[in-house]
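What follows is a pair of complexes built around subunit A, which joins subunit B in one and subunit C in the other.
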Partner chain A sequence: MDTTIDVKSFAPNGKQNGYNGKAKMINRKIKYESELSSDFKETIAELAHGEKLYGCIQCGTCSATCPVSHYMDYTPRKIIQMVREGFRDDVLKSSTVWLCASCYSCTVECPKGIKITDVMYALKREAISAGYFPKRFPTPVLAENFFAQVLNNGRNSEGPLLMKMYMKTNPFNALKNTMLAFRLWKTGRLTLKTEHTKDRKSLKKLLGSIDKQKEALAK
Partner chain B sequence: MRYLYYPGCSLKSTGKSYEESLLAVFKALKMDVVEINDWNCCGATAYMAVDETKAFAIAARNLALAEEQFNKEEEIHVIAPCSACYMVLLKTKMFLEQNLAEKGRIKNALKESGLNYEGKVKIRHPLDVLVNDIGVKEIAKAVTHPLKGVKVASYYGCQTVRPYSTFDDQREPHTMDDITAAIGAESVDWPLKTRCCGASLTGTIDRVGLPLSFMILKEASKRRADVVSTSCPLCQFNLECYQDNMNKQFRNDIHIGVVYFSQLMGLALGIDPKTLGMNRLFVPPENVYKIMKGGEKVYV
Partner chain C sequence: MSNTNGNGTIKGITPRIGFYICHCGHNIAAMVDVEKVQKFVASLPGVVVSRDYKYMCSDPGQELVQKDIKELKLNRIVVASCSPLLHEHTFRRAVEKAGLNPFFFHMVNIRENVSWVTDNREQATAKANALARAAIQRVFFHKSLETKKVPINPDVLIVGGGIAGIHAALTIANAGKHVYLVEREPTIGGHMAMFDKTFPTLDCAACILTPKMSSVKNHPNITLWTYSEVEKVEGFVGNYKVNIKRKPRYVIEELCVGCMDCIDACIYKEAKYPDEFNQGLSKRKPIYIPFPQATPQVVLFDPETCIDFKSHRCKKTCIEACDRKAIDLKQVPEYKEINVGTVILATGFKTYDAEKSPQYGYKKFPNVFTSLEIERIVNASGPTNGEVLTKEGNIPKSVGIIHCVGSRDEKAHKWCSRVCCMYSLKLAHLIKEHTGAEVYNFYIDMRTPGKGYEEFYDKLMNEGVHFVRGRVAEVTDWALIPEEEHKLTIRVEDTLIGVVRRIPVDMVVLAVGMEPREDAQDIRRMFNISCSTEGFFLERHPKLAPVSTFTDGIFIAGGCQGPRDIPDSVAQAGAAAAEALSLISAGSIELEPNTASIIESFCSGCKSCIPLCPYSAISFNEGTKKAVINEALCKGCGTCVAACPSGSIIQNLFEDEQIFSEIDGLLKFAGIELEEMEVVNA
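Then we have the complex of A and B:
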């Protein structure tokens, strides 16, 4: 829904009441209830295993203890409130979800015992499944490639993983870090060899079985 | 007591010296430690972001493998040195205890791949094992080259003490400082022991991650620490390998060695630096070497 109004429509000849003739957009600052998604908080509570987030007292301890909250679009406190109010799209499109480094400070300090880091994980999963993440933003790309690598090999190989991530997000960054990669290689700390478990079939079976059970559950 | 050892992916690549030094220390303290057969990745923080059930399933496979390997023992102690692995395995164990529906699903899946999980496994951090099972007294007894005069800033990072571990205080941890004291060195009192180093952000979105790492190093060097001691491969990597980038970005000149606590222990136990993987460091802890040779410290 379009929430912007062109000021021109209020000023027919363009010069009334000090109006300088330039079109100025006025944005509506609140959302109408019809634009909110009423079941969002239930979805997230279910994904995060618990309804504790309903009991948030908005004290802001999480935002204060978060080491990266000053880079986020919305601080963790705001995110919790927005989840409760049903601001689905704003929450899932925010950078907050992808900037959380999983340091668990908020989870430990929250006076209401809300597992905020797990709420962030729930939001990450929801954002990925809704296709709502910035294309060249490295964190989700890293997560997805990590996932694919473990699925195929059972283990994660840091060298190839980082290469892939840089190629998909910012190849220039890869060039910037060539020296670092070279030094790591020289000290025997990085190889481009792919690590894998000996028994790759057993892991595939395990994950395949989870898929089957989930499908059965969905039916 | 016998222990199983879960290295995790990092200890086989960027954190190789953590594995080398830790195993050497275990050997010197005559501990019986065996690696888990054909373990797989714990899933770390990335897997959790994509699919939760699968993340817990792959982590649970390691617990099941541990039970298979030590099937005769009542209680199985698995040492997980990497912070992320430690936290994920603990989280998985707790999750399986609390969510019976998911536990059933994961148990079924494990059965299909020929494994069984009963819940006999205990996840232990090496700091926990060294301080609570072996004891600082035993460690002090084994010390042959006390690191007298070395000032160590113990940096625990996030996931070693948060949020599920119970062996240490979550805000004011002390186990690494206890070990520091046992090997004859001196702990620096500082407030950033458990502050986040930026984790994967330092590599992915460096304008957010680098300042976090830099803050930790700056504080440690301000307090005249000779070396920062860590217990996590990612913390060690972020704090050490990006020092050039940090100095460039923040126009500073910080050169402080960042080593694993097990490397410092190894030095004090008289183990040769190469066995401890000290040759893999980008920034060798010069002051530690100087003091050990009886020389004077130099502050840059």
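Then we have the complex of A and C:
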């Protein structure tokens, strides 16, 4: 529903006076209620273990205390309001959730006890399942592979995990860190093998029972 | 001036003046060179001692004056400090304690009149000098005066029978004093009777109000006059004479029991006139009772709509139906005259007329309602029996509540109406509870100061009510996308997110603000009190005398003084009642001895003064053919003094020689001597 107008068409005789040859865009920014999803806040509240985010008073303490908020496209305060008002797509496409370093400052400072870091995790999970993240962005790739490894093997093996991450994001970065990897391997800090627990069947059963419990709770 | 002879003696007494200038911390000293003024005054004739001190009103400051009076045998005192309204009484008492008549004291205001109103230190000091010299010259002629006491009539008049008036009436009546409660409408209860629930506890307004209403009706110490208006007020603190008009209901109040048989019998089978109590959302007959719990439970006629009043050709089935013969269509207004000592004004407020903000489409779109209308709609005894429905009869799926309609707007009212945030939260809760609709609150700032109020806001947020921060630009039925068709679309910037949003809703509620009643100015004049710029009644002091007015014995409570909610109105009503009771308990009040009196040998008996006196204090002695002033009634306004063509009326504290010497002292700074004026005066 977005309309984009190329400002070039306003320039007389096709010349781009004052625009240095670069076209500037005017974007429609109005939000229709029908573009929003009203159940988004419930999804996130459920994932983040708490409905406290409904009680946000928009004081901005989270944004002010966040060490990386100045790099984010929406500050944490704005994210909470957007979640509450159902701006699903804008939130999931934002860089904010991926820049969150999980330092928990916001959660500690929040006057309404909102677990903002948990909200960020919930949003990351939603973004991943919706496929809303830059394809070669390391954070979601690492997260996805980390969980896949732990769930399958019961163990985390740094070497294969890193290799997978580099291959999926930027393989050249792997070359940059070869020396560091070598030194870590030499001191026994890095394994190149995929490790796993002895009894993978029991692990599957264990994790499966959690899922069952969740399903039962959901009912 | 020649009133003082060469050695400064007047009528055999040598004035020994003490002058004191106060720093008032930095309030005065920062702008006025107090030392310079002190030195200047010390050089004036008659001044024995001149001092400056940090805080004259403090105990050491007062003791300084008292010590000087005793040691230096001072007989005149001048203090240059703040307004006499604040500390004249303090210093008079201090002077009296030192054995000097308190009226030998005079006060100069160099704070409100000098230091606070300029940023020019030099001019401020010069003005302070001039004012000080004027006071020194004036105080020469001060005389010893005695204050007089007037008794306080223990009866109290309360104007307005809303929650504030009701609470004040009950408090005073329970203290054993008699109250006249006068209400303009046919029933007491005011705005609160129209509300459904009260925030933040959500207890039912009627359940907590109606017991108080019936206590008022049944209290032996309360005379309740509904459907009545105050016509005239005369007198002064402790002794007011009030005329009240009781409008005809065409029903004898003492006989009617409120059975409403007459209403059923009315030849109009269907109610067809808008019901004022339900904000015009339902209909009533020409004979009606405002609402089921109306107090008194008495029906009344609306002569504007009753056929018999219009054409005299009605079958009068109502009269036949009344077996108590309570209907009297020939009833005329009844006039009452009462004497009271104190008055409490609790005349309430009015809600903003939403039609004045056309962008919100009130009266243009049928589904735009004011908050008072919604209060009636959600009320079980309201026009829809408590069902929240759109004008088409559907349950709304989404409702927008627009805050600050008529408030915080230079084009309407500048002030915040204080209650709208909270009542909007309450309405949001009630609408959500009744309909399950999505409710949007559009606010500029959420203002929830009060016990349990912020918690109520938190509760509403957790109920999933939307809070969009931004002032709504318009409510429109112009659909831009299919989803907006047949709906009202609210256009607003969500300032927290930073986007402009269009939100389609089925129903819009306008949270209208509070404004003074249309006739607040008439009431103000009638009771001789003041209004602040916005038109609400002005309190004597915003912090320290919040229910007093500048007229002694007249108190204010509730929405007539400014926007406030029920708890604050009740608290104020209690305060006003306490103030009235404290006057009654004292039994009498001391009056300023600034009364006028007639010099009989000069009076020519022209009677010019008699009609001019606003307090009817002057009468004419037919025997001596001279005017006589009743000092108990004289309020010292000075009208007669100025008007007397033979100069035969003098006023204590404002005698000619006092005023002219004061003016002379002021003009000396401009190098003008008062010789010419003296000629005129002689």
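Quick note on the criterion: the second predicted complex is superposed on the first by the 186 of 219 C-alpha atoms of A that agree within 3 Å, B and C clash if a C-alpha of one lies under 4 Å from a C-alpha of the other, contacts with A are read in each partner's own complex, and residues count from 1 in each chain.
One rule holds for everything that comes next: a contact is a pair of C-beta atoms (placed from the backbone, for glycine too) under 8 Å apart; a residue touches a chain by one contact, two chains touch by 3 or more.
All of these numbers come straight from a predicted model, not from anything done at the bench.
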| item | value |
| --- | --- |
| Combined model on subunit A where subunit B meets subunit C, clash or fit | fit |
| Per-residue touch tally on subunit A - higher for subunit B or for subunit C | B |
| Contacts of A:K29 with subunit B and subunit C, given as first, second, both or neither | second |
| Vertex subunit A, arms to subunit B and subunit C (CA centres, degrees, nearest 10) | 100 |
| Which of subunit B and subunit C A:S202 touches, first, second, both or neither | first |
| Partner chain in contact with A:S63 - subunit B first, subunit C second, else both or neither | neither |
| Partner chain in contact with A:S38 - subunit B first, subunit C second, else both or neither | second |
| Touching partner for A:T96 - first (subunit B), second (subunit C), both, neither | neither |
| Lowest C-alpha to C-alpha distance for subunit C against subunit B (Å) | 19 |
| On subunit A, positions contacted by subunit B and by subunit C | none |
| Residues of subunit A defined as touching subunit B within the complex | 47, 49, 67-68, 71, 99, 101-105, 107-108, 115, 117, 121, 124-125, 128, 138-140, 142-144, 146-147, 150, 154-159, 162, 165, 169, 180, 183-184, 187-191, 195, 197-199, 202-203, 205-210, 213-214 |
| Subunit A contact footprint on subunit B (complex, rising order) | 9-10, 12-17, 38-41, 43-54, 57-58, 61, 87, 98-99, 105-106, 108-110, 112-115, 158-159, 162-163, 170-171, 195-196, 198-201, 203-205, 208-209, 212, 241-242, 245, 279-282 |
| Touching residues on subunit A, where the partner in the complex is subunit C | 29-34, 38, 41, 51, 54-58, 77-78, 81-82, 84-85, 87, 112 |
| Residue ranges of subunit C touching subunit A (in the complex, touch as defined) | 438, 446, 458, 461-462, 464, 466, 468-469, 480-481, 483-484, 494, 496-504 |
